[in-house]
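In the part that follows, the structures are each spelled out as structure tokens.
Heads up, the next two complexes both have chain A, just with different partners, chain B and then chain C.
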Partner chain A sequence: MKSIKDKLSIATCTLLTGGAHQAQAIDNAWDLDTSYLYYGEADDRVTVNKAIANLSGDITDNDRVTINLVLDTMSGATPTGAVESETSSVTFSSASGAGGSTATGGAPDIADFSDTRLGFSLSWEQTISRLRKLTYGGNLSVEKDYHSYGANATLNQDTEDRGTTYTAGLAVTYDEIFTKTGGTPDPLGRVEDGVTFGDGERYTYNAIVGVSKVLNKKTVAQLNYNITYSDGYHTDPYKVISEVRLVGDSETNAFAFAETDRYYESRPGSRLRHALFTSMAHQYGEKGEVVHLSYRYYFDDWDISAHTIDLTHRTPLGLGRYIEPHFRFHMQSSAEFFMHSILDDGSPLPEFASADYRLDQSTGYTIGAEYGQPWKGGNLRIRLEQMEQNFEDAEYDENSALIFQVSYQKLF
Partner chain B sequence: MPQTSDLITRDDYFIGRFTAMACPCEILISTNDKKTAIHALEIAQAEATRIEQKFSRYRKDNIIFKINNSNGTTIEVDEETAGMLDFANQCYELSDKKFDITSGVLREIWKFDGSNNIPSKQQVMDILPRIGWNKITWENPFITLQRGMEIDLGGIGKEYAVDQTTQIIHKTITDSVLVNFGGDIATLSPRKNNTPWLIGVDDPENTGRNALGQIPLLRGGLATSGDARRYLLKDGIRYSHILDPTTGWPVPDAPRSVTVVANTCLEAGMLSTFAMLEGNKAKEFLQAQDVQFWCA
Partner chain C sequence: MKPLLITISLLIILSGCSLKDATIAAFKSEPVQPWERDILARDDMQLEPDPMRAFVDDHIYFSKEAATGGKGVGGGGCGCN
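Coming up: the complex of A and B.
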């Protein structure tokens, strides 16, 4: 007959020593978090289906590893930056320029595309001493027209009372950018000429310093400053900009843009970005409601500045269930070289120009909610959100998207 | 109801007595200091009473009642109860599904009063669907019982109380203390001069009058399963009160009594219970566990 005494001894010891042992068991557990995300823009624009898997666990008492895998499939149509096609007098060959490997059916001002992205990252957190942790990481992301490789290191230092944590980190990223047909187009070269250069390269250096502080038993606050310098190819090889003439009737005051030519966009060869991020989480009430408020201020040397406010409020519903409404507001100014189109008035072309709506002045908000509950020994979360964006000058001045995410996390 | 207790003075130790968990409880304190003895007795009585109130299936104000009357809804339990349920789950697996805290409903048809009142096969068949730990959803800290099912931590509670009480007393009192709740015993240290506590093992054929032997216990736990006074007798067949939850019938050829010595009272209690559930293989089972035991 088999002996069960050892297993029984362990089980008995666990019960008799109570919570301390159980808590340790959870600390050492492997944590698997998987999720599926759908992002769908209105009017059949961009659709993203994303699968995410995150696995973390302790490999020794002092080392914890985290592996993250992301698989995105993106498809749909996206504005190229050109003015709407009915006003155009330019013949535009979508196959040579816009987005997709072979764009079919997309109007020239909007280009069909589809791509798949595989992202992988690995991080290793090392506990140096009771109060100090060092995290190293590497990441890699591959698309048909984009490769990205990165490495990072972060130091976390707690104060003796563990009430405050200081963070300092450095990261380096190397990106390769090219079109699916190879190379990158001539910046501000005529689309019709189709002059192509070699692949784009970009190096990005990022530094972060931060502090997070426990203000009292129920409140935690955080402040971060992030500076990023990038050097190299920043242009989007699929984006174009129209050269236009104003046509119209001065009697009726009805004007329209008539496209006379079309160029590939051109952006500066470097960018310096700053971001200041502050957040606060506070727990209150009998049920343990948690309110989380954050504000981010961003500015860069392309003249973009942005403000983002994010607010969530979690209400526990008992038995581990909760509901968490979410509101986010974002506003930004436009890049100095952003323009709706280039005016065909005989003056020389600018050095940099882009009609990419993402560089335009805009306001946007997201509203939605997340629901969570325990399920099959883990935690299930479901999130549904609606995003609305308005752009000041871009040809397509609105965007709305539906975001749906279902996630499942389990400890082993 | 006021809780009473007695303290008796012996040569070099005190005996404290009270009743809890429906059995006589006793603690032996190896000291000459009466205050220390009273303190130990108070701690023991408080802890035994706490555990009884919390886990007794006879009360209507505790977590067990809440779980057993949940009508199929999910109940969130506290950390200590969760620990007990985790432990019960492990015992279910270690005993090959024979130790099952859902088997208590069998008492509705099996009443061990020394009579010949045996339930019918149909009665047993009818009750089996309400038994089975595997039918319960236990996702710490949430438990969901199917309607009609019940749990009973009685098979763990007394031994758990003995070990808990021993540990709590040990935190405040340096003198050796032996805790004995109805024959389930534990101590964390030997008596003065490093002498062991001596424990008599009851003879089930001659209960209360004859000791099968004496066990010297320096530290550890001791537990006895089986009760000579609880059985049914029909057509010359003696039905033991150890019921097999997988069949709904008493375990055939179970020993009258099994006593085990182990690291803790809880471990000893589980090993003696598992041995009883093995029926005529009880001895073989205990030999494989490499523990000190008495099987009668």
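Coming up: the complex of A and C.
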């Protein structure tokens, strides 16, 4: 009898020890995710090489921290907003007029640049109760011509059956904007005059409310509303806009732009943005295929509205491997102050004007696929995608880019 | 670029995407007990299954489009737009 009692005691202790060990292993689990991105635009335009490291882990039973480090190197050439004009009368200075931190010249309507960005963020997730979590954090980003500092907090509240989660979040960001040579150019000032003011500053306030819900055993869905108000310097200090005259050819009946002057662009001093975002994940099929579908409707007080659809479909291939095609579609209207150029007809200059192609009416799509598999105790993911953009009125009305990303995640 | 697009399109077709079946079943609402959440707990069933990919995409499209936001708050700013 005593023997049986001893054996039971030993067995109980073993179980308790094993359980505690397992729980401790989970509590101390650290998750390291690393990634490399190559983004390359056609025609020797922008190239970005990005390295990311994301480390997260539980430091107590109720606290989890995540540290994120990003290093970007950017180079290539980017449209300045000026028109291509063989008859331009403008004297162009690339160092002050275009494209980034070490502009070294290039054609007048496109400018070479290179820059490096270092980003750092830290977030802290606190489990306040079984159904409530609070996550807060801060971020810092530094470039040669841009500094950004931010803080954020998000509250997640589950319902008693944990079938629904409500989310509310706030963030504030402070940005400093300046050119490599210091200060910011005079908005709608002549490029030839080169008048500069002090550094630009911008405060951005961002709030989100959302709900995610388990619809059934194989489907979860989400709906978010996001509002963002920013106040301060919104102008791109490197972008310009041409003043032009139309030059006609009586033989071919064709017209061309002849640039008569060039100004720095000017944007409003505030922006109010709204985004309604919905997404879902659904598993189906014998193989356990998973489809992710999302849609975003966006509008702001610059008169831009946009629709974005994103679809991925993951098919398991066995042994932890999968293939996941991806399709994304985006269309947007133009900002009210976007214009290809300013017509030189003696009229006074507008209050705001930008020829930045990103503010133009456009459609774009991205198509590609990701492949994933276990590798050396972690998860390896490789994706290759092609992005195509078409712009309605911008001087450079197309943009093509290749996106290649390889990521590796390991728990330890 | 064309061979790449053709290859990717073929991958989509070969992956056996059956969206019609998925759509019909997806929106059926029913209570789910805790012991029935094995599928929902899978990594690929999270609303953001690959945060690293989402992080990179957010940066790319923030740089190249006028619209942004909708998924959350915070994140590092940059001078790319």
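The working rule: the second predicted complex is superposed on the first by the 376 of 412 C-alpha atoms of A that agree within 3 Å, B and C clash if a C-alpha of one lies under 4 Å from a C-alpha of the other, contacts with A are read in each partner's own complex, and residues count from 1 in each chain.
The definition used in the following text is that a residue touches a chain if its C-beta (ideal position, glycine included) is under 8 Å from a C-beta of that chain, and two chains touch if they have at least 3 such contacts.
Keep in mind that this is a model prediction, so the values were computed, not measured.
Looking at the shared chain after the overlay, A:321 reaches neither chain B nor chain C. Legend: residue contacts after superposition of the two complexes on their common chain; A:45 is shown touching neither chain B nor chain C.
In the superposed model, A:146 lies in contact with chain C only, and not with chain B.
In the superposition on chain A, contact of A:169 is made with chain C only, not with chain B. When the two structures are aligned on the shared chain, A:137 is found in touch with chain C, with no touch to chain B.
After overlaying the two complexes on the shared chain, residue contacts for A:306 are found with chain C alone; chain B is out of touch. Taking chain A as the reference, the larger set of touched residues comes from C, when chain B and chain C are compared.
For chain C in complex with chain A, the residues that touch the partner chain are 1, 4-5, 8-9, 11-12, 15-19, 21-22, 25-32, 34, 36-37, 39-40, 42, 44-47, 49-53, 55-56, 59-61, 64-81.
Those residues of chain A lying in contact with chain C across their complex are 33, 35, 37, 39, 42, 50, 52, 54, 68, 70, 72, 74, 115, 117, 119-121, 123, 137, 139-141, 143, 145-146, 148, 150-152, 154, 161-163, 169-171, 173, 175, 177, 204, 206-208, 212, 214-220, 222, 224, 226, 228, 236, 273, 275-277, 279-285, 288-292, 296, 298, 300, 302, 304, 306, 308, 313-315, 322-323, 325, 327, 330, 332, 335, 358-359, 362, 364, 367-370, 381, 383-387, 389, 399-401, 403, 405, 407, 409. Those residues of chain A whose C-beta lies close enough to touch chain B in the complex are 1-5, 7-9, 11-16, 18-19, 22, 318-320, 374, 376-377. For chain B in complex with chain A, the touching residues are 74, 76, 79-80, 82-84, 86-87, 90-91, 94-95, 139, 142, 160, 163-164, 167, 262-264, 266-267, 270-271, 274, 281, 284-285, 287-291.
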